[in-house]
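Got a structure for you, questions after.
Labels A, B, C and D are assigned to the chains in the order they are written; within every chain, residues are numbered from 1.
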Amino acid sequence: MKVWSYDDVAKHASRDDCYVVLYDKVYDVTDFLSDHPGGTQIILKYAGKDATSVFDPVHPPGTIEKHLPKEKHLGTVDTNTVPESLRKEREEQQREEQQRRENLPPLEQCLNLEDFRLVARQVMTPMAWAYYSSAADDLETYHENRAVFRRIWFRPRVLRNVRYVDPSTSILGHPSALPVYITATALGRLGHPDGEKNLTRAAARTGLIQMIPTLSSCSFEEIVNERTEAGKPTQFFQLYVNSDRNIVREMLRKAEAADIQALFITVDAPQLGRREQDMRMHFDDAGSSVQSSSGDEVSRDEGAARAISSFIDPGLDWDDAMWIKNQVRMPVLLKGVQCWEDALKAYDMGFAGCVLSNHGGRQLDFSRSGIEVLEEVVYELRKRGKAPGPSFQLFVDGGITRGTDVLKAIALGATAVGVGRPFIYAFSAYGADGVVRAVQILRDEIEMNMRLIGAPTLRDLVPEMVDVSALHNRGTTRGELPETNVLNPTGERKSHL
Amino acid sequence: MKVWSYDDVAKHASRDDCYVVLYDKVYDVTDFLSDHPGGTQIILKYAGKDATSVFDPVHPPGTIEKHLPKEKHLGTVDTNTVPESLRKEREEQQREEQQRRENLPPLEQCLNLEDFRLVARQVMTPMAWAYYSSAADDLETYHENRAVFRRIWFRPRVLRNVRYVDPSTSILGHPSALPVYITATALGRLGHPDGEKNLTRAAARTGLIQMIPTLSSCSFEEIVNERTEAGKPTQFFQLYVNSDRNIVREMLRKAEAADIQALFITVDAPQLGRREQDMRMHFDDAGSSVQSSSGDEVSRDEGAARAISSFIDPGLDWDDAMWIKNQVRMPVLLKGVQCWEDALKAYDMGFAGCVLSNHGGRQLDFSRSGIEVLEEVVYELRKRGKAPGPSFQLFVDGGITRGTDVLKAIALGATAVGVGRPFIYAFSAYGADGVVRAVQILRDEIEMNMRLIGAPTLRDLVPEMVDVSALHNRGTTRGELPETNVLNPTGERKSHL
Amino acid sequence: MKVWSYDDVAKHASRDDCYVVLYDKVYDVTDFLSDHPGGTQIILKYAGKDATSVFDPVHPPGTIEKHLPKEKHLGTVDTNTVPESLRKEREEQQREEQQRRENLPPLEQCLNLEDFRLVARQVMTPMAWAYYSSAADDLETYHENRAVFRRIWFRPRVLRNVRYVDPSTSILGHPSALPVYITATALGRLGHPDGEKNLTRAAARTGLIQMIPTLSSCSFEEIVNERTEAGKPTQFFQLYVNSDRNIVREMLRKAEAADIQALFITVDAPQLGRREQDMRMHFDDAGSSVQSSSGDEVSRDEGAARAISSFIDPGLDWDDAMWIKNQVRMPVLLKGVQCWEDALKAYDMGFAGCVLSNHGGRQLDFSRSGIEVLEEVVYELRKRGKAPGPSFQLFVDGGITRGTDVLKAIALGATAVGVGRPFIYAFSAYGADGVVRAVQILRDEIEMNMRLIGAPTLRDLVPEMVDVSALHNRGTTRGELPETNVLNPTGERKSHL
Amino acid sequence: MKVWSYDDVAKHASRDDCYVVLYDKVYDVTDFLSDHPGGTQIILKYAGKDATSVFDPVHPPGTIEKHLPKEKHLGTVDTNTVPESLRKEREEQQREEQQRRENLPPLEQCLNLEDFRLVARQVMTPMAWAYYSSAADDLETYHENRAVFRRIWFRPRVLRNVRYVDPSTSILGHPSALPVYITATALGRLGHPDGEKNLTRAAARTGLIQMIPTLSSCSFEEIVNERTEAGKPTQFFQLYVNSDRNIVREMLRKAEAADIQALFITVDAPQLGRREQDMRMHFDDAGSSVQSSSGDEVSRDEGAARAISSFIDPGLDWDDAMWIKNQVRMPVLLKGVQCWEDALKAYDMGFAGCVLSNHGGRQLDFSRSGIEVLEEVVYELRKRGKAPGPSFQLFVDGGITRGTDVLKAIALGATAVGVGRPFIYAFSAYGADGVVRAVQILRDEIEMNMRLIGAPTLRDLVPEMVDVSALHNRGTTRGELPETNVLNPTGERKSHL
């Protein structure tokens, strides 16, 4: 194949003639420009240039092969022709990366999950931080997800023998060391080169179950194969349903072949949410080269979140969900149920359970917290002589950072809770070791608090042990929006979330 | 007519002999001084001088002709005689204006309506900002108008086909692209030289309806004529009822002749509110030349808000409103209803609807928010076998800045919501383009959130989709008042609202 | 009489031989030391010196004559012998006073009552500010007194003829221009040399009623006589009941002779409250000369508040109150009732009314606000077929700073409200003119808000016009105490309240 | 015995050969390393060195003798051989100590209990401050303990004769000058060399009862003996139940022999809580010498709190408690009951009472406040025809800092309240004198507030005098955690709690 010089590639830098360099190879993306789910503009910014550094963390291996016809693969680039400016830019990036890592505290100084968030905020690239930490609109639901746990208090029992406490449980028939699973989160390689594989390793080392995301930035195969190396943790799969049902069928086939044990259909994201912090970061990144568009056209080029949204079918309905359920032998659950009516419907239609979730506050702002919905679902099910149990399990995710959070959900009827961002923060800073430590902290907190509540096993955690009288009393604040979520018209950007 | 030098005009600078220059013409305003709705003092400040810069943005064309007899029009001023000091002042103003605009961010960086507020605060003159942003007393109602929406949460439904969502509706029989209209706000030219015409243009480009204010600073004719140029948007008219019913009759005649489609009688402003931020600005403007008045006399010279209040009849009652209703063929509604009893009365008396509103928090502090009243009105109407519908429509305005705000009001029974300040901020910074972008952002948010809530049309938005359990739980804060609303005794003024 | 030099006086500066100079006269206070209600230490600090500057503002004329036998009046001091240090100290005080007054904003810039507080904080001496602004313990009740009004919202009526509004009323049979009276507050000369006489003048000029305090720093006679000069305002008298009933009888006789129209017995102060801000000020004043006391003895020398408390009978009970009631022809009311049970008892025992009050938050911290108690009292009275009316009137004081505050109390059943601190702040900064302006602002706010609520007279203000659903929802905060109320262990004092 | 030089001791500084110097004596602790309740690492840090300064404040006299066999006592160290570095370190410590004490305000300037906290924060060593002030997890319960009292308001009665008020009471049959006792807190010598003996002295001087902690840093004997010297205050004993019942039996025997009057079994600490502030302090102390551990091992070396936790039996149950009850003649109570069910059980099983407590917020975060539980317990007991009384007394501790706090608990049915941290802060800064003053402040506040409430004796304090309508309305906040409780990833530590 032809060997290109960087200078020659640079001649193809327009909308009508657009080459890019990726991993030292040259591609003609002219025809692909308007099909790019992430928008045309971000590619045009790198027209005629090396785009590897921004392409790599958000595209799983095989992406180029899948989307760009063979004839657009034009050859390799001669690395000796790297222009001075690119070399300097790379050095600059390395220096920044190194600087961020210099102050990384020793792992054992992280004493709680919030610590990992603070460390990650220092260590991650601004773009990665913006993607992970951002949430919908004014972050009301994002903050509520944590605040709601502060409205649930304990009614502990004393003088029970708690010498031995056992926090292990069974999730959909699979043993789990804790009533906690690693939930699906997208684009893991934004935070760490090993991406979601860190989670697989940590799952194996701690006895937790991992839910693999559709939008991983490691490929599905990589994550599944990591399992063998790491020690066979149980894996579930989170499914975004593509409009093309053949693609869905293929995904399901692969999942069953790979010994995936349960399928979670995401139902709260017919369209991916607007996360303005993420969008603002993108503007920063695009910089002054973005030409001012007229007021008539909303820029479609809006951050990492929207770049990955074209693969999701907004027409997905209950019939589709049943169709999927009938395609597989493994249990199928709905992820993102937000009111008791839908949970009851899932129960009646034979789904294996629901994750009561608002997508980490990243979708509909003012959607209530999972645990508030949990209390409502259990109440309404019981009112109808139905109840969560082995054949219909309830899960909660969003905002969980403390062992007490976990125990509150269990006491109210959840089988387990999903933890997402804290584990991302942990591996972004410390790789798999960080996740393992985060899990150990959770276990330590859960065991201690089971002792202090007087519940030696999870079965002993009964609703009477929590006081939910203030559960619905969502706090309201007035005043300014969080500074991170509004435009700073003077130009200087405030520190992140 | 006589040509004057600036020096000659300057000789008439006392209360007994007072000339001013406006648009290069000389006027004798001596006899008019005590009739000026904005107070004597503000004119005396410009006695013998050119007052164009402060006169222009708050008086529509034709004001002079209407109020000053022909014989007081004394001729033109020779622009070659402009004194050095005035020239410098004008240059200074231009420089300040330019400076404020220098940091204007590109329009596409405004991602939400709050952004426009922040940009406008930077860009507008302090006087314009004070007038638009100010509100009654301690701003309790002003803040509540936004805070109330944070107390209403969603109960979204999943797995509904939301591939196509349609946010369009019909307002009083007229199509509207969104369940949103541009509500009436006064003195648009304080923010932008084209004033309310910006709104007409934006209404045409976005398919919204514009409500024209009585106290526009473009003339009624200008705004109506702009419609033809811009593309025929539907227009409503907001009416302040003058004590002189002949003037009212003439206004109504003009409105019908101009094809206005509905009349909104303002009923919450028998007296215009005290807005202290606005009043303080006026003191600043008048500066040290204001002579200290005795404690016995409250200065009547209190900012832009009070300057326009003399045209409103404080004796207006239900009979008057019926009389107006009978003068016109178009539907007549009441704007500013604040409890269910009055809404019910309007229903029973055959009005076409009500705007549940507290005048943007600018009138009675501690009046409740429109949406809190909406919930009460719908409940009480239904209790009596009545309901909002095509022949009695309910609207809400005040504090709406997000698509979610709009959808909450619709779910609770409103036909549409009025948006005021955000559009003013948008055109003050970016002209009509700014308003168009603001509408597009709203549309984008509304469509996305209809998807996320599971409501493909506005009819699908039912009360069950919102959780209003905390609606009446108005937050209370204690502690210091907002710094902007109290006197700063050390003299240095804090940044605005 | 003998003429002393300052040097000779200075020789008598011990506990066993203690002279002081007051108003250029020399007194032997050795025997009086332990009887001084304000404590021994404060006198000892001035032993052998001129104490006029600290004596004057807290002692009404005649105090020396009343408490010190003739033979202890030793003569005059030769003003030519004033020592250099005293002269410098006086100059320094004058300079400080002048400096504080330099930034005094023009009176017409005060737009609301809060403005007067902020101005007064700048202008008053730290000691006066500490005395007036301080409140009990952690200021919970002090802050609640204002916060409670933020929990009461209006339900205004529209389309009522409010061209003419009339805020006048009758208090205990006496006309009042507003439903507001000037309540009794102690030690007025701390803030202004004319002390309480400022209030008499303002009462006359505005048509309000003045309540004269027992602990005025002008003498009762001065205040009563000022009435004649100022124009005959109605005056009430607030009574602290002395343990010596002869003194009480004498006070009552003087009050009736002086044409006082009503008597308010203070019932919420059997012991004067601890106001730590005030106490800390005293330490500052006493400075490092205070010798460290052992842990066994609480210093009795605790600020202005405690210095005036010895004249109050802690044994006062219902029988005593009846006895007082029977001593006078004028109506007798109880000031400081804090629950419905006591209000009902007062009603049944034939008192003319109650002031529902917690003494401006200066006595029992966590006593509820007057208006919260008002709602409870009216409810309980009505439940028993009783009601407030001409023969049993209810009043509220504490925290009133806005016209809306006044109207809320009236709507809930009060005849009028008492205003204290705001008027003190007003005269401390501007003398009687300040109070007049404060009243005018209140009238302006009251009239406007009567218009906006749709109530042309006070009788039209009905309970249905306020929404008290959140009345009892007292906000709680957590976190640090107000900085002004705790010891600053590093020595530097934070700015006052 | 052998005399060692410091240099010779320094040769034994490894895990396999570890000597330390304590009080100028040399010990071989090699075999003891893994048995040390406080962890191995803290000893290794001082291997071969003088550890007296860190050993002394957390180990009562006799600790070495009890735990280290005679043959490991190797002799004395020659103090002439003290190395230069140690001498300097000691000087440095002395200088720091002196510096902290320099700004100590005179005791009489402490006007409330909060003042002592602020002073102590300045004066104590960072390690002592961290140990005393720290609490579990996110400090929710810690803050709630104080916040709850702000949700309870008074309904005072007026016109009751309160000339004489009597705040004395009887606790378990023993007279107490106030309804307050000095509750048990561990490691008193961290704050002051005389440790818990300060409390014994203050108890004697003020007429309060002292509860002696199991984990005192003075020995039990020292504290008991101090009683004789100080004047015979009543003493109770707080018991952590050791897994070895022989040790328990011995403790009980000693207690009875020492004339202890009541036994309080701690039931809320089957495992000692994680207090991260304390743990972080430890990291700081250990400094950079801590080698980075792998993610797989949670450091067991976690601050003072965890160092003392191995003596507590996590298997303690109701039968054990009954067994203890039967071992002694004195009344036995349960300390740390947190719901009415357990209080009722204690009542039915014949215990003499309960302390409703959450261990000062140091154990289970989100355990409710003692006073909230009190209201519930009294209600549920009464519902069953049972009630607190002489034979079953209820106590509350946690968060009490004001006389009003005490009176609220008494009105709701408590016999007395326990005060812990405030007295520690008081003696850490001022020794026993500080505690005496703190008690006097409490007495002063209690007496005054009894007057202001209208209750001359504690029996007059009835439930009707408090308004608990907001009791359960636990405030929620959202937003950042307290800065002191999270890792500061940039390395610089923020000021303490």
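Note that a residue touches a chain if its C-beta (ideal position, glycine included) is under 8 Å from a C-beta of that chain, and two chains touch if they have at least 3 such contacts.
What you are looking at is a predicted structure, and each value in this text was computed from that prediction instead of being measured.
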Quick one: which chains contact chain A and chain B both?
-> none
Does the chain B and chain C pair touch with the same residues on each side or with different residues, judged by whether over half of the numbers are shared?
-> different
Compute the distance, rounded to whole Å, between the mean C-alpha positions of chain B and chain D.
-> 62
Geometric centre distance via CA averages, chain D-chain A, whole Å = 43
Listing for chain D: what residues touch at least two other chains?
-> 473, 477
Of chain C, residues touching chain D in the complex = 137-138, 140, 267-271, 273-274, 276, 279-280, 283, 290, 292-296, 298-299, 313-318, 320-321, 334, 336-339, 341-342, 363-368, 472-474, 476-479, 481, 486-491
How about chain C: which of its residues touch chain B in the complex?
-> 103-112, 114-115, 118-119, 121-122, 143-144, 146-147, 150-163, 205, 402, 404, 430, 432-434, 436-437, 440-441, 444-445, 448-449, 451-453, 467, 469-470, 473, 475, 477
